[in-house]
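What follows is a pair of complexes built around subunit A, which joins subunit B in one and subunit C in the other.
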Partner chain A sequence: MVSKTEETQLNRLENQVDNGGGGAWEYLCLARKLKVRRPENVLKYGLSILNDSKKRSALGPEEWTLYEQVAIAAMDCQCLDVAKDCIKVLRKKFPESKRVGRLEGMLLEAKGLWGEAEKAYSSLLEDNALDQVIHKRRVAMAKAQGNISAAIEWLNKYLEIFMADHDAWRELAEIYVSLQMYKQAAFCYEELILSQPTVPLYHLAYADVLYTLGGLENLQTAKKYYASTIDLTGGKNTRALLGICLCTSAIGQVSKGRNKEDKESPELQSLAAKALEKDYKQRADDKLGLLTSVLTSLKI
Partner chain B sequence: MAEDLVLDTAIRDWVLIPLSVVMVLIGILRYFVSKLMLSSQLPDPKIVKEGQIIVRARNLRAAANFIPPKSFRSRRVYFSNEENGLLFVPKGQAQNPQAQMFSDPNMAMDMMKKNLSMIIPQTLTFAWVNFFFSGFVAAKIPFPLTQRFRSMLQNGIDLSTVDVSYVSSRSWYFLNLFGLRGLFSLILGEENATDDTQRMMQMSGFGFDPSKNLGAEKDGLDIVQHEWALPKFEHRAEAVLKKLIK
Partner chain C sequence: MGLGFIFGVFGVLFLFHAAYSTIQYRGLLKIMEEEFSGPPMNVVLELLLGFVFCVSAALTVPGNFLSIHPDSEENRIVSLPANLDFMIFNHRAKALPLEIDMKLKH
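The block that comes next holds the complex of A and B.
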């Protein structure tokens, strides 16, 4: 995940290059390092460097990394001829490379030739059964074909071996949520929280899933995780604040007859409501009316 | 015995400096040869899987207090239960990794190559030093030593009355062998094949690592007491919000 400073730096470089003031190579390096997906810009700037033979030779050995980056960006923008040219150049230079093999597989995917892409990836995996990137490409391909259950199957197999790969867990969690398999999604989010306990995003997502599952215990747990998100983000996360309000009122509704056990609930809810109102006043004054009506309906 | 021997400066010019230069050059040569002979070793799937299991178990131990108690317990059972827990290594299997390493031809070849690239240059240089540079005093060590070091440091010098601080070139060779490591990491970058001392330390403890690690992780996991930290967070969130509203 990209931090805010890195994002602003990236945008600044983008503006700089857009307005004609050099820095294209730094932009490309930064995009590659942060693994962000900005295909049009990468394609534009990358081609401008590659087509100019002087600039190209100034890059030295980095030239090939640039070819790879431009090839992937071209495939994103569906400029398949550009991609094919780049890959041809790379294949001439590195005839036996697995990295180029992966790019060729991606080109087949981009053209929509799923069967051949699958064959290409399987042959690459025969040589090296532990190539993480190729495994992930297979999952991505299954997802792109719309075959979500196959994607889940591949991803689970991948995670059986590489169970410390938190990006894969995140992908699996999102797939489960899209299929409304919330229990499994909760498991994946727990894994994510275990590996990176200080990232508020995972707490928030986990709380959302628990709230959706419903049931008194889950609601109480969800409330706790919304609270931890608020703590980790210093109270600035609107979604967590709203989550607290919703959770408290839902708990109140579910446990109408039973005696309320948590002692801090009214305070937390009212505090969250006040914080929300303050936030809305500052940032979106015109929507304050909507907020107050929602809050009053919840407190019932 | 306490007299100061005057050593010819020619010794410095023709023994100490050439010996150091030769050792540096041989080190650089070995570095490039090792780069040429680098065989891409296919990682063993079992070892990769075990490494990942250990990372995951470690994460579980470290952040156990962030997930609900039920989830923690179910995960702990998954890892360390007797029948098919991931971390559970039955006693019989514990011996396998070392035997496997010897029987697996690829790994054995690799280890032999690494050992050879270390042993052969050392042996050759040592023999060369002994042949050409023996039988005279090469240097004086600045601090006094006991008589026990005589056999080690003065092997070419057959006089028993010479102070032990006067050493032969063999000791200069050993000094260079261990001392040039710092120089190599400056010249060749951090990862270089001349890290003999590291390799020697590695040789003493190889093979057993995977199963011991798993067992250690399992014990660590069994010990962990789960104390759910989330209720505290509600209080903290309140405090944060109170501050925010003010």
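The block that comes next holds the complex of A and C.
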């Protein structure tokens, strides 16, 4: 999870290294710790360290982790020669390593040779049938080939064995959302919220899915989850604030014909609207007019 | 940090001195064959003073406390990690060439 301080630190380091101020190794370590995907920067700074033999020897045993990181970034940027060279160096140093075998499989994937990559992964799985990362690479390969149903099948089989892997649940939820299977996606998000209740972004995604499903109960639950997102982020998440406004007006529309139970107090919507206006005034003053027109159209 | 450190040193010295005084007091009482009910008042005062010094040093020397609220400005979660285990490589950036030709030079 990337917190606000870590994000500002990452951006600051990025600017610093871009302007020639050094600190490339710290940037690479932070990118690895936060698991962010910045392939061009990682490739540029990583190669600048690896090509300089003095800096390379100053790293000590961390050099090999850097080779792995640069190899993956190179595959992401389609510089397959760089990736191949890095993997060759790693293979020379660690001849019997499964981790290097996995990198070689990923290189075959990046080249588009799906059959050979599948063979490589199966041979790695023969030695160790419960290797989590290889299973996940198989799912990724199915997804990359466009075979989404096979990806879902593999992923479900994986989750039957490794039920606690929240990355996999998140991936499954995103695949279901892309296929518009919202009920299944809601189930996956529920699993995520159960295992990690303090991450506000899962609450937000769940509320989005419920709002998309529609219907009075789903809208009311979605409103509750938007509210919990606001609670967990200290009110700084604009999407959740807008979600509250939209949910309240949608609930009002759906229950217009029914008996006016009127347990919905309009305070929450007005509070959210006020918070949004303050935020916009501070950060994007020129778009404040857009916001006020949207909010007035919602207060039907 | 220097002042807090000095406070800590003084606090520890006061505590040791109070302990030594109490042991000596007990030895004196053993000679006079009286009951040991408790250390004298000034030793208790010295003990309390040493305690206050040590606690204030412990709070100031390590530096700023970090926030523990999950919704504070520093701790709030801004984005999720990019799910690198499921990363695929045939995305649209394949068509965008890199400006500089990168090579591993050895």
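Assume the second predicted complex is superposed on the first by the 296 of 300 C-alpha atoms of A that agree within 3 Å, B and C clash if a C-alpha of one lies under 4 Å from a C-alpha of the other, contacts with A are read in each partner's own complex, and residues count from 1 in each chain.
Heads up, the rule we're going with is that a residue touches a chain if its C-beta (ideal position, glycine included) is under 8 Å from a C-beta of that chain, and two chains touch if they have at least 3 such contacts.
Quick caveat: nothing in here was measured; it's all calculated off a predicted structure.
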Partners on subunit A (subunit B, subunit C) - clash or fit: fit
Greater residue coverage of subunit A in the superposed arrangement, subunit B or subunit C: C
First (subunit B), second (subunit C), both or neither touched by A:G234: both
First, second, both or neither for A:C79, with subunit B first and subunit C second: second
First, second, both or neither for A:K4, with subunit B first and subunit C second: second
Contacts of A:I49 with subunit B and subunit C, given as first, second, both or neither: neither
Touching partner for A:L194 - first (subunit B), second (subunit C), both, neither: first
Touched partner set for A:L103, first subunit B, second subunit C, both or neither: neither
Subunit B versus subunit C as contact partner of A:L90, first or second or both or neither: neither
Superposed arrangement, angle subtended at the Cα centre of subunit A by subunit B and subunit C, nearest 10 degrees: 50
Three-chain overlay, closest Cα atoms of subunit B and subunit C, distance in Å: 12
Subunit C-contacting residues of subunit A that also contact subunit B: 231, 234-235
Subunit C partner contacts - residues on subunit A that touch it in the complex: 1-5, 7, 34-37, 39-40, 43-44, 47, 50-51, 53, 70, 72, 74-79, 81-82, 85-86, 89, 106, 109-110, 112, 133, 136-137, 139-141, 143-144, 167-168, 170-171, 198-201, 231-236
List of subunit B residues in touch with subunit A within their complex: 42-43, 45, 48-49, 52-53, 55-56, 59-60, 62-64, 66-68, 71, 230-231, 233-238, 240-245
Subunit A residues within the subunit B interface of the complex: 128-130, 160-165, 187, 190-191, 193-195, 197, 221, 223-228, 230-231, 234-235, 244, 264, 267-268, 271-272, 274-275, 278
List of subunit C residues in touch with subunit A within their complex: 69-90, 93-94, 98, 100, 102-106
